[in-house]
């Protein structure tokens, strides 16, 4: 199944890296939401390969063509399907690896899962390209959430030994202004430049690096979410792990929280402006699986791009022999950077789903 | 919804901490699985409050009574429902906190979500007690998985400044022997004693502590799982976040993986004993959302028990005034310890679900 | 899976005819709904075996014990679990049929599906007894729907050659008064007595009979439902077929509608009291899968009780030999009668689910 | 939601009658199934408007373009997405009805459901055109089922006062030969011609007619299906009601079964060729929600095409005034005819889903 979210809205994506096109359908999206094309294209551009000097050299315009569900710039209530052309396919780059499985990629596991019938070129359906439909769907979710006053932003919390401030320490959405329009979104002054240099060095070295991306969802009301696997955390985590290269997700202080003591980590309640808030937000805005009204904050561990230019040992699964592998082709030295708008998008879809559950499709009427 | 897993099997739990009983139903569980009652009771005992000197003083036998779905010690194919008595309820302990919401608990968020209609005593449906049905269901899942050669174990990877070895560095299930039957399961010699002392000190201090629990699933075939939110990671993460106090989940090296480089972190393939394996297992047995045949390894960040004996600032939501709160009652200084069998159980349910997807209900015939 | 409805609310039932107890859990039911115990018990009594002279002689009080989710007669938002004792089990009645499969029962198909591991006594999990939890869950759904002005009633549309008026010809809920409190609910004067005599004759003959039960859901707003398999019809039909012995479902004039012409069957629109209504209701209140504001009317074909006292040919599946079968034990000559409150209950659950989708769980706040 | 089936496979369709294209995605379809393009196009042609002299004059080639999930004529395991151009759109035909809702169509209910934002031209997403993607998906499901020996066929059981034989009376698939390649599929000799004449007369009259379509699924193993709403009937019914104009579904003898007695209707078991079969098949191959090994037989009530050329009374919902409505444009006098391959297709999808549940995705390896 290629479902990103499967609740009151369902988002399915399709396509392969070297097929004619990729696409997606959002089912259950409410009618009457104003479609802001300019905003959607901006979101797409944030993820597109050309947006960074250090991303893959593959050139894709990534203009989604909406084929159903939106008329006169308003959503109709029927499924919103759209497609994105694969314009710059160079399948020959993958000639020598069809049977030699690439380390830390899905080549071997997909071969086992699909008995070798899957398209291996460019990772096929496992390609990072499939995150483009997620971003478009997320842009729509953001349009819906806008009317509820919800704002979403993500930044690079950690990369190599560079660390940024955490959204956990910011109680409102003003912090977003400090990261907007930066090539390498970060709160601390100078971090963007430091990150640019670090990735540049790694690219020159033919290597890759991962990063921890932190996402903040500001303005969510208290009392959204549910029990057990309907918790905010279950739902966000489930959808986030649909993103390739994501290997960890923590809420609030997450793993650091686990290493602390109750007396220092508990988020104490207080009253401010007639509203119940917490003095700290170590829980990342979620208690018992339900929103507290504080910003929802979570961090995603994005692994280094598996494709590197250095030779690696691997196995040719057709001949079952070990083999040295050299990967050519085009790839980002740090996929985490382009994952930033993807993480925001998938977060938006999840929150949209939870709002629909809380207020119904009539809630937007 | 109080669903822990919602796929080919569905597991729902119910009950409140201070209601007459708690229970669960596993729907879709295959017929013909031999029920090993002794094993099930052992698993229950591992989670039961009496199992540790440092756990809550609440006394519960936690003997599940199966009321349907098992006959003559074999599963029938109909839903397996069971209930567990709440024998030792002391609701008066909670008298003074009905309206003063406890920090880092679900009291406030539940109040908002359910308009104050939820049972607040002992956390109501949010109580850690609700993990007992998860353990019983997991025991059944383990019985099913046994015939596929799958073994599951969890240990304390980190607590305070004590750290243990990682399952990431162990390619087979033999490591389990080193943690079995320890009060504080750990691989490294001496850790169990060190942990015992640490928790003892914290309990004396009226404080609490969290821990990072690592779980290994050994013997899973390559090629299990799926795309996007049907990935092994999405499914395990979604179910795990049903466990109270869990604030993070990472696969393999997770967050550390994100901070490393491709050249040092990629899991290279090689052939051993005629089988494709990887030299390292930084990905924790999952690539592209599908199992690689290496052990599935993931870690869960368990926050410190929110209930501590120290005074804390909070809010009385009936009068909307700030108030100092003293929590009495009984609680574990480290809920993470009793979460160990819960994490294993929920892992077992998830893997059971994925095997049913791969082999069908006829796969056990 | 023993799920009756699997949407914004989930209703699961469990138990076997000759197990210790049966039960159910309703997950996702909104908080804050007033629980009317008297009403719930009345509904249970309508289905209970003692309610008709012609029903099975099995004596069951059928008093549901709620073990979670309701406190101080208000729903809490957590799962509502309840159990019902099996008091009058006579398993010996089934001694001679354990391997000789009963015609038109599930004995043979269950044997194949569950490799013979299912409990065959009294039909096990396939027993009509499992409709008791459906009725209780439906009573709760009716309490929720009451605040939206929705009323539900069912009557015997056809039995043998006796036919009743159809709800299709009644635009409002007043018709319900004409069927209430009748042993054999019917609109036409004298039908109740005619039906009583017919069933009596059949019982004396050791035979059984089916019936067509028509259900009307009055007061549903226009604009509820959805596309394709989220249509009102798909959702009601899916849930209805969870009821044993149900072999057909039609909306409005259904099969007769199919045999007519557009010009005579189309429901023309008009305005009455400032509201859009239709002059006729051949579509049974649903157009394009969405409610029109007219009463939702559907009919269910209930087959004759498969258990009859006449000898029948069958097969002993242990020895694979043909065999004459005499069924002893207790059974209704017409299960359709006791299915009336069950059909209403399942309808209520479905409409409750669709209202939650439309208005959210906050819609009742 | 525009989901046709939502289980181990998920099938979503999108598009509007007068949008640029329609399409669908089948998610969860197993890898390694050989794609037979010729067969798929034949199936499409059976539904296409040109296939009958009496169908809409709208000309559509209905050639699906597969954009993902199939490579070298074998399914890959990734989602199979495809699109179909809308070539012959004449939106001006609908100019005068934008606000005057058409009787027995979805215009009014959609207006209420989607607050008037839905595309009303040609029925928008409610158009019968949306059944084209269902047929293509069904063709794929048939390819999968072929390897299990499952065959599916449908015929006109009743239209006006013409009645055909029933599949209930045929124990094996040979009967299919008698209906194949007929313009108006029917078992009885001469029926095809009688039906052709009847529909011709109705078309000349500017009127429309419905029909009862019966579908037989031959060769399904015993023991497929499940409890309650996972019954074969629930699943088939839920998916069938996704088809526009379908107002009833019955299994086996369905409504007639309900009017008979147990002694005459029960399906007695016997042994034939070493296999357990039933002497009659009044239950339509399903007992207790599980297949018996006899053909699955169900009938669908298809209402008369709501669009007729005769004037009808209706309401202009913008001005809230009553109005006489004349419908121009192109429409079939009997939509039921073109629904035949659609019903087969949706049946195939449902059975495919149930086989995947029984045998897993590895069952085809």
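The first chain written gets the first letter, and so on, giving A, B, C and D; residue counts start at 1 in each chain.
Here is the rule we use: contacts are C-beta pairs under 8 Å (C-beta built on N, C-alpha and C of every residue); 3 or more make two chains touch, one makes a residue touch a chain.
What you are looking at is a predicted structure, and each value in this text was computed from that prediction instead of being measured.
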Between A-D and B-D, the pair with more C-beta contacts: A-D
Most remote chain, CA-based centroid, reference being subunit C: A
Length of the line joining the C-alpha centres of subunit B and subunit D, rounded to whole Å: 45
CA centroid of subunit A to CA centroid of subunit D, Å: 38
Two or more partner chains touched - positions in subunit D: 1-3, 13, 78-79, 110, 113, 125, 227
Complex contact set, residues of subunit A against subunit B: 1-6, 13, 101, 103-106, 108-110, 112-113, 123, 125-126, 158-160, 202, 207-212, 221-231, 233-235, 237-242, 244, 246-255, 257-263, 265-271, 274, 276, 278-279, 282-284, 286-293, 301-308, 310, 312-315, 317, 320-322, 336
Residue numbers on subunit B that touch subunit D, as the complex places them: 8, 78-79, 227, 356-363
Residues on subunit A engaged by subunit D in the complex (per definition of touch): 1-3, 10, 12-16, 19-23, 25, 27-28, 31-32, 67-69, 71, 74-81, 83, 110, 113-115, 117-119, 124-125, 365
